[in-house]
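Structures are listed in the sections that come next.
Two complexes are shown next, each including chain A; its partner changes from chain B in the first to chain C in the second.
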Partner chain A sequence: MTDATAVDMSTDTRKSGRILYVASVVFLCAWVIVPIYFLLINTLSSPETVNSFPKSFIPEFDFGSLQFFAGFAGMLTALKNSVIVALLTMVMSILIGAPAGYALSRFDFPGKGLFRLLILLTRAFPLPLLALPLAVMFIQTGLDDTAFGLALVHTTLAIPFAVLITFSLFSGIPIELEEAAWTLGCTRLTAFTKVVLPLILPGITASAIFAFVISWNEVFAAAVLTIENRTLTAFLLQNLDTSPLHLKFAGGFILVVPALIFIFAVRKYLFAMWGIANR
Partner chain B sequence: MNARILPYVLILPVTLFLCVFFLYPFVLVSQQAFGSSEGGWSLDNFREVVSYWKFPISLKNTLLLAAVVVPVQLALALLMATMVSKMEKGRDMVLYIWTIPLGISDLAAGIIWLAIFEQSGFLNSMLSGIGVIDRPMNLLTYQNPWIVFLAIALAEIWRATAIMLVILVAGIGLIPKEYYEAADVFGASKWKQFTRITFPMLRPSLQTALVLRVILAFEIFAVVAALGGTLFPVLMGETYAYQFDLLNSGAAAAMALIILGISIGFTLIILRILRVPKGASI
Partner chain C sequence: MAEIQIKNVAKRFGAYQALNDINLTIADQEFMVLLGASGCGKSTLLRIIAGLETATSGEVWIGGKRIDHLSPKDRGIAMVFQNYAVFPHLTVFENIGFGLRMQKLPNDEVTRRVGRVAGLMHIEMLLKRYSGELSGGQRQRVAVARALAMEPDVILMDEPLSNLDALLRMEMRAELKGVLAESKTTAIYVTHDQVEAMSMADRISVMHEGNIVQAAAPIEVYRDPAAKFVASFIGNPPMNFLSATPEGNGKWQVAGQTFDGPNTAHANLQFAIRPEDMQPSEHGLAATARIVEPLGAHVLVTCQIDDAMFRVILDSDTVVKAGQTLTLAPQSDRVRWFDPDTTLAVA
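Moving on to the complex of A and B:
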């Protein structure tokens, strides 16, 4: 074999390797998108089309299913409840979690290791299960079947993430910036609000959004803790056996939409927060 | 404020919150599970749930599902993470698309795959389009347990690979590029670089990813409810049924503790297998 044919062969294998690579990337993208597209078709079809066969692979842009969804008794209230619970979770997990993230990144204190262990432990537990005993506790305190009660449980789910994400965000801001502010006459608090906070705000927003999505998507605790004031996930779950297909698909689609927007909004932080949380 | 006290003031809210809503309910659920109708401690609840005819099936289903889904997800996430690490153009776009399922709830994922597998769904439409079948088949029934299993497994793989991908991509980003350059100098093949550099260096991330995924795999609930309903009993679904259909919160608590026990057991096994030697982390 001459050198020339050997070179030819290696460019050939490289080329076919390249094609294989691009093809697998495209395939994996399609694997994620196509099922969502199918759901979109069903959502944008009239109820009759959803229940007919065979399916067309192009949406007919009929809002019958969505109208049926909006008109279904209790659905809009459930949607409203979902938003309220998610917003409460978002606010509480940041307000409670962010100070701890700041403490972890700025101070060395006795008990720090134990505290980190507690945070990591919560992440290693099937937390929704804790909704079962809380149901009893909430009945005693009058928190049962309220948005606030459920938000408390969802905050437990979101808090480990809020602490770890804000910890990694604060660690990314050099303490020298704060020290400079102190020498220029700032107190600890004003240095924080004037120097650190503006820098950290986009990251805080991202982790707040993450908390929102955790709450928005949670099914088990929501189903256990709400009866009259069902959230959207709990409502859909409760009616899975009885509700018609077009209602399920429209409801599923409404559940998916915020996810698409939120993941897009936080994509820059998605990786940074896990890089540090690993260690 | 005093710098000695300040950190404790800052972590106080989280600590209090977790004590009330994490540690305390944990004590309560144990009390409920080990309690009995006459008061005092007993294993009655555990005996009751374990001897129920559905328990072995739901345990088997949950474990089988985890055993099939998690390895596939691990392989897929590793493949995607290495693919994306070499990518120059369109990396952000591809990563965004691949991480979309991260924001999608298990219930929504179940509904999405229901659109494919239901009787008038897209799988049947495609099969009849290419002439394999002439009328729609009802796929998700008790006559086709394997199709029900396949649909649930596919939905889980579709939904939850993204969380592993994110953790692994972040982990790969932490591996110094010099190692690969050195390997190139010594003529190591790409496969060898993967098995000798990427895989061992990625152990902490693999640990995190696997622990998180395995725990979530034992909590599988809404995907099954949307696709299989009662055809495919799983542990979490049975817990829900005890609480609501049978109104037996003692048994539900016992089930919760069993799931917890299995989760902790597997967490310890993973930590043991993938343990990071001291001083060898990045």
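Moving on to the complex of A and C:
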């Protein structure tokens, strides 16, 4: 009897635990997915449907709003600017971040702990605080309103992540692999290119894509530092303010989708960065 | 010719002295084992020879050429690592041929050499596989083959068998010994496993706290330990020690019995004997058996003589019970003496 009750109780607790777990998962997923789903429905609906009530939960597949954007003056230029800035950010943050990650993982040097902290601290300064001095400096050096200038700011934002991701990637490669390469005729450089690089290339790609997304999503610096050569975010921010509702939805959709796709592609490495085991 | 000379090599990590003034000469084609407990500096010494670590002071010479300022690739060495370090992104063939490709050897030469060492290590059928598809023992074979393919003057091995299970380790031990003897390279082999050291080495260097305590042939290290550390580190169970007081004229009293010993002026000495060098007899040391462990081939008896623990290995037919008193006679030519102050052997 007592045995049976004990078993019942444990299955009971397990069951309620399971329900709680599933409920939390459903809630968190809904929290993220529902707004994106509404964005999708409204983007693919005609202006009349967007402004009407009650809402339909099934998209109409009306591409009017998206078509409007495709033909909107300056839209394609802004898209091009966004891509250029994001690519520059991607390249620069890897070129600067990966060596720093390698050094953190392989060498012991005085102030290593402080250095790691400082890397994170670069994220502690709010951009609005830096915007004015940056704008003045950029105007003085002629970097204002250029893709390169904006990419520099975005690189600063992306570097902490590039360093942390590559640090964890390099730490995952046993030093013996490099040492074996050295004894087999490699210099430090050729050991890196022939052994380490092929092994971390997928991770580096992920880190690069993450830098791309950071730049793609960034709006404040883009809005302050560019006028003619606006990136997509800054361009939409400027124009959507006064646009009708259905265009706002479409604009939001255009911004969200690429970022989502990219983050989904590199999710494994982002978990690795935060110390969660790869799944 | 690849004689290795290590001259006054010392290594300090911050305040920690890992190696004290090491001097060692390893003859051409000799199989030298560096044996010691973890933290004794044996791996550090090997890594200094390999060029993966820089000595704080001292010189390393290989084949009459000073090499301690050269990078690892220019030293004429090849190394086998404890965790194998087989490159995961390359096939077994490309792993073994990695060093040859770095030397820019022609394709057919690479194929020939890889084929030869793969045959030696019995891994011909694995050449197309990746490291992830190999067992630990197979990876070990790849790592050794990769080192042999370089046809180095000196092959350095850092605990290469310690990650294998016991049976495989025994098999690889014999195989490695044969392959290395045939390759005619000078070999330095680091291990903490005394059986490995005894069975493979031409010469063993026993290391302790950053010093080489004794460098000699295995049987000499076993029979004539230069210091008490060696006597208690080598042999399983280790040597037994009893304190001895002088009776004059080279006579020493040990547990109530008189033995012939060194004719010296020491105030006291330690009498030492290996467990297998004792026989039950009419006259000898009176020992009370405490624990009796029949091990098949023989019986291990842990006894008490005065206040000291004392282990003997007796024939498996011997009938002993715990609590029983044994009279044990040491084989006289196997008795050794140590100075309790310096811990060194006294002849």
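Some points to look at:
Basically, the second predicted complex is superposed on the first by the 249 of 279 C-alpha atoms of A that agree within 3 Å, B and C clash if a C-alpha of one lies under 4 Å from a C-alpha of the other, contacts with A are read in each partner's own complex, and residues count from 1 in each chain.
Note that a contact is a pair of C-beta atoms (placed from the backbone, for glycine too) under 8 Å apart; a residue touches a chain by one contact, two chains touch by 3 or more.
Values in this document were obtained by computation on a predicted structure and should not be read as measured data.
Chain B and chain C, once both complexes are superposed via chain A, fit side by side.
Put simply, the three-chain overlay gives an angle of 100° at chain A, taking C-alpha centres for chain B and chain C and rounding to the nearest 10.
In the superposition on chain A, A:218 makes contact with chain B only, while chain C stays out of contact range. In the superposition on chain A, A:198 contacts chain C only, with no contact to chain B. Once the two complexes are laid over each other on the shared chain, residue contacts for A:164 go to neither chain B nor chain C.
When both complexes are overlaid on chain A, the residue A:36 reaches chain B alone and has no touch with chain C. Of the two partner chains placed around the shared chain by superposition, chain B is the only one that A:267 touches, whereas chain C remains out of contact. Once the two complexes are overlaid on the shared chain, A:100 sits against chain B while remaining clear of chain C. After overlaying the two complexes on the shared chain, residue contacts for A:245 are found with chain B alone; chain C is out of touch. Of the two partner chains, neither chain B nor chain C is touched by A:150. The superposed arrangement places chain B and chain C with a least CA-CA distance of 10 Å. Looking at chain A, you'll find no residue that touches chain B in one structure and chain C in the other.
Residues 21, 24-25, 28-29, 31-33, 35-36, 38-39, 42, 50-55, 57, 95-97, 99-100, 102-104, 106-107, 109, 111-112, 115, 118-119, 122-130, 132-137, 152-153, 155-156, 159, 163, 188, 213, 216-220, 223-224, 233, 236-237, 240-241, 245, 248-249, 251-252, 255-256, 258-260, 262-264, 267, 270-275, 277-279 of chain A touch chain B in their complex. For chain B in complex with chain A, the residues that touch the partner chain are 1, 3-4, 6-8, 10-11, 13-15, 17-18, 21-22, 24-26, 28-29, 32, 79-80, 83, 87, 92, 94-108, 111-116, 118-122, 124-125, 128-129, 136, 158, 166-167, 169-171, 173-174, 204-205, 208, 211-212, 215, 218-219, 221-222, 225-226, 229, 236, 239-240, 243-244, 249, 252-253, 256, 259-260, 263-264, 267, 281.
On chain C, the positions that touch chain A within their shared complex are 50-52, 71-73, 77-79, 81-83, 85, 87-89, 98-99, 102-103, 146, 150, 156. Within the complex formed with chain C, the residues of chain A that make contact are 174, 176-177, 179-187, 190, 195, 198-199.
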